[in-house]
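The following pair of complexes shares a single chain, chain A, combined with chain B in the former and chain C in the latter.
The block that comes next holds the complex of A and B.
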């Protein structure tokens, strides 16, 4: 009998089939292609639930108006990305971690989500550009025919720190703010309603697609008996995405019709407006002061 | 009761498809409770969307509230006024819920009308309390169960205080408790004088929420238009349009 080394048996277990469960608590065990695809969908919902859990906690960032959080986050992100000073870059990272602590985010989880993957990847992928191929000078580290200078390694380190700093504040903002509040904040900052509407719709469609996709994958999984080759699975997933596209297109047409039926004529009317409180202004001032200290520290310590 | 809708010799077909209607005529009075029945694909949803002004007939005329309706030729204000008078609840609640929270969802319609935000928020609270869905207000629509989504979708249509409420398969995917909630809401709306039109396959619930039934055959034509009880007792008729199988039976005392 012909055997195919690429054949792999799907060993996935999916507990629960309800949509709500699919949205967050489904446990998918396995290493097959189908299981991995399902896991990606599942993680999307888990991230959303994670954000909602922290956004409803009683912490510093949760108490502040979304507008101020957007402004302070942007201030730190711009400062980190325009500074060459390691002191500023490291200080920005530490400030974000302190903010995360005061906002009752799980620090270990925060560090894992922010610093474990992307900054490390950026550092690794920056190494070729930081090597003697592009940056000449006194070798600090030699690996075969290639050597790295201090300036080269610092360049890679800065790129990684900038990525981590930007991610930290983006993560803080999203984890401590409900999506609805963030959109309301952007609206109050006079970001065009059309742009916010597109963001909202995109956000909504992601979950509609993920939900529909999860159910299709689960239906396929439940009908899978015996060995299915990886190639077969990929073929199925390709077809499923085609189906998903058709389904989402139909849904999008109906969503538009639903909007028209409730008075939508091409422009979104704005939502309620909330006044800023003393805490919000204090938060902005404290953020600005910390940033000033970091920048001055950067000039002093380099 | 005055006439609210009048469809006269309406024909309609989707692009590149067989005609759905070739000669459809129907009249609906204000305050009526009408169930549109028929097998899948017989044209129920098309009729409802036509009444809601989402699709226009290829030929024939539709009159609503005493005036001819061609939404594709209406001015913006006229279309908005029409949509305010005729509320529509989609079969799939997911398509009707596109905002970040249920509160925003309910506020969407009134805000588009230009009602001040403070007043809208008060109306949202009031309606949510009336429907018993206050706890859902700050939740994201995609976190809701099927029944909760349906409640939010119905509330989002009701906030505009429509004179006519059209519901496409309203009891689909609802558990018995949510079905009871829906029946109560529909009966309350009917008591307030609203016109209710809905498509459904839930024949056991029809007598509780409708007085008149319009039955479509598989040829997309209306084959009966009678009081609900009379329609459901005519098993030969229901069988002839494949709406029930031969083992179907109803208990007339359920309709009392």
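The block that comes next holds the complex of A and C.
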């Protein structure tokens, strides 16, 4: 049985809460499953912190009603995903970046969270499929026994750009909107109240669960001495899931009792009805005009 | 397994999203029938649990690590319908928070990981476990087998979704417009990864977690075992809650499902009905037909469309500007287009600032 040496031998520095601080000095370093899980949890807290900060800023997207933001985001995401024109795909990405700038999002953070990882991964993952192995034609670039045609490279580029465009608008939407406002907006758009109530409540508890998970992983790390087999570690994580479930069920029971004591009878309070303002309509119109410009661009550039 | 946007055509992702709406509704109703008004905390905490376990890495052989999905585990512990709602909610938060899984592909991801995976896994578990005692060797192995087969069923479906893309959506020369891998590549690749790595991981996790719950809190396990059959109601406060709920129907349920959601459902059904048309349009992305293609498809090219085409040609003859060279027209058009977009966004931003200032006053 292979052993997982990385978790104990790696140099891991974890601060008290499992979060990375702003300066990045207490970074969680390592490649083992414990470090990776802790990194992921810290990313959750970090994202939440940034999102809250962005959502309270005084920018363009923050000023607009959540409903319109959802509609405009979906408009751009559908357009980008339906289009095969590079002009439309690049234009959508530029539009999102301009929106991010006018919404006072940190552009470095924006590029890191949107373009740095997933679109690059999708591009690389698409390369074998975009090579002469699957797409034949006139070689544009030859690497060893395989070559890439223009059409092949375009296929990979389109997939990456579409992924980035979708991520851009999803990020813009989440970063510029408080979760409660986003859910209220979705509720006004006829998404079932039951589903919204679940999302709202789940959102509150994911941080509690993440804290519990962080504590469990930290405790495991601190208790571990010597090498532990990979199979043993898998069993441990399985047990940890069971432990979390027991915790969740107890919290769920307590939450339910607290709700009943506060008069809960199975109905959910509907979202507050907010009137749409002139700016909201203007936002929708400008979004539609930009989309038309992009589609015309796609027509010109092909 | 989380499908990103860009790999699947919207002609497939949007109908999948539409198809999930009644499934979510049914899942909420089923859970409500089972645990009464306790459904909200059960599902919300179930979603938080699902989200958390998808964040936790599990070591795989070779020193690397990957994350489990845990949908079968939730189905075994809370029932498959609860798993549908809980995993769906977790997937949405994940898509928004981390970009894991696309926005348009959300419906497909739910179909694979929140419907097919828990139902197939749960069916396998029930078939193999029989009347065995939770925590017994047979029961734990059945849960593990459910996890293994559940994730492989979901992966197979995802591979088929990937694999049909190049056949349905490609350019005239045959280059794929979305996922480039045909079924002959996508299915073996996904199957190998899930049969050998992700499947065993899911099996161990599902088995170990269900064994832990059966040992540490057997009451919880048993409650769900019996409640899943619908034969025994939950006891104690849960039971009281269920009785209360069955006696007093909440006000929002008095309006029928159709009456409440027809505004949403009618366009969705129209969209689903139109999907086969979308699938038949080979070579050109939806909505990007040239005048020739429109003429071929409907017999004539709309006059307005032809006029537009001529207008653009007249505006930029051969797309060249003498000073800028052959490609100059393109560059100028791009600059004008981007300039216009930036200008519009800045004007809108100014309007937002003024609107914000007025609001403060």
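The rule we apply is simple: the second predicted complex is superposed on the first by the 228 of 302 C-alpha atoms of A that agree within 3 Å, B and C clash if a C-alpha of one lies under 4 Å from a C-alpha of the other, contacts with A are read in each partner's own complex, and residues count from 1 in each chain.
Throughout what follows, a contact is a pair of C-beta atoms (placed from the backbone, for glycine too) under 8 Å apart; a residue touches a chain by one contact, two chains touch by 3 or more.
Just so it is clear, the model here is predicted, and its values are computed rather than measured.
**Q** Applying the touch criterion given at the start, work out whether A:183 contacts chain B, chain C, both or neither, answering first, second, both or neither.
**A** first
**Q** Report for A:167: first if it touches chain B alone, second if chain C alone, otherwise both or neither.
**A** second
**Q** Kindly classify A:94 by the partners it touches after superposition: chain B alone (first), chain C alone (second), both, or neither?
**A** It touches chain C, and chain B stays clear.
**Q** Output check: A:198 vs chain B and chain C. Expected answer is one of first, second, both, neither. What do you get?
**A** A:198 sits against chain C, while chain B stays out of touch.
**Q** Is the number of chain A residues in contact higher for chain B or for chain C?
**A** C
**Q** First (chain B), second (chain C), both or neither: which does A:260 touch?
**A** A:260 contacts both chain B and chain C.
**Q** Contacts for A:248 in the overlay, against chain B (first) and chain C (second): which applies, first, second, both or neither?
**A** Touch status of A:248: second partner only.
**Q** In the overlaid three-chain picture, which partner chain does A:85 touch, first (chain B) or second (chain C), both, or neither?
**A** In the superposition, A:85 touches chain C alone.
**Q** Do chain B and chain C touch any of the same residues on chain A, and if so, which?
**A** 200-201, 203, 208, 251, 255, 257, 259-260, 264-265, 268.
**Q** Which part of chain C faces chain A closely enough to touch in the complex?
**A** 4-7, 9-10, 13-14, 24-25, 28, 32, 36-49, 51-53, 55-63, 65, 68, 70, 73, 77, 85-86, 89-90, 92-93, 95-99, 102-104, 166, 171, 173-182, 185, 201, 204-213, 216-217, 220, 237-238, 241, 244-245, 248, 250-252, 260-261, 263-264, 284-288, 312, 316, 319, 330, 333-334, 337-338, 340-342, 344-349, 351-353, 355-356
**Q** Note which residues of chain A are touching chain B in the complex, please.
**A** Answer in residue numbers: 19-20, 23, 48, 52, 178-180, 183, 200-201, 203-204, 207-208, 211, 251, 254-255, 257-265, 268-273.
**Q** Within the complex, which stretch of chain B touches chain A?
**A** My answer: residues 49, 52, 54, 76, 79-80, 83-84, 87-88, 90, 92, 94-101, 103-104, 107-109, 111-114, 117-118, 120-121, 138, 140-143, 145-146, 156-157, 160.
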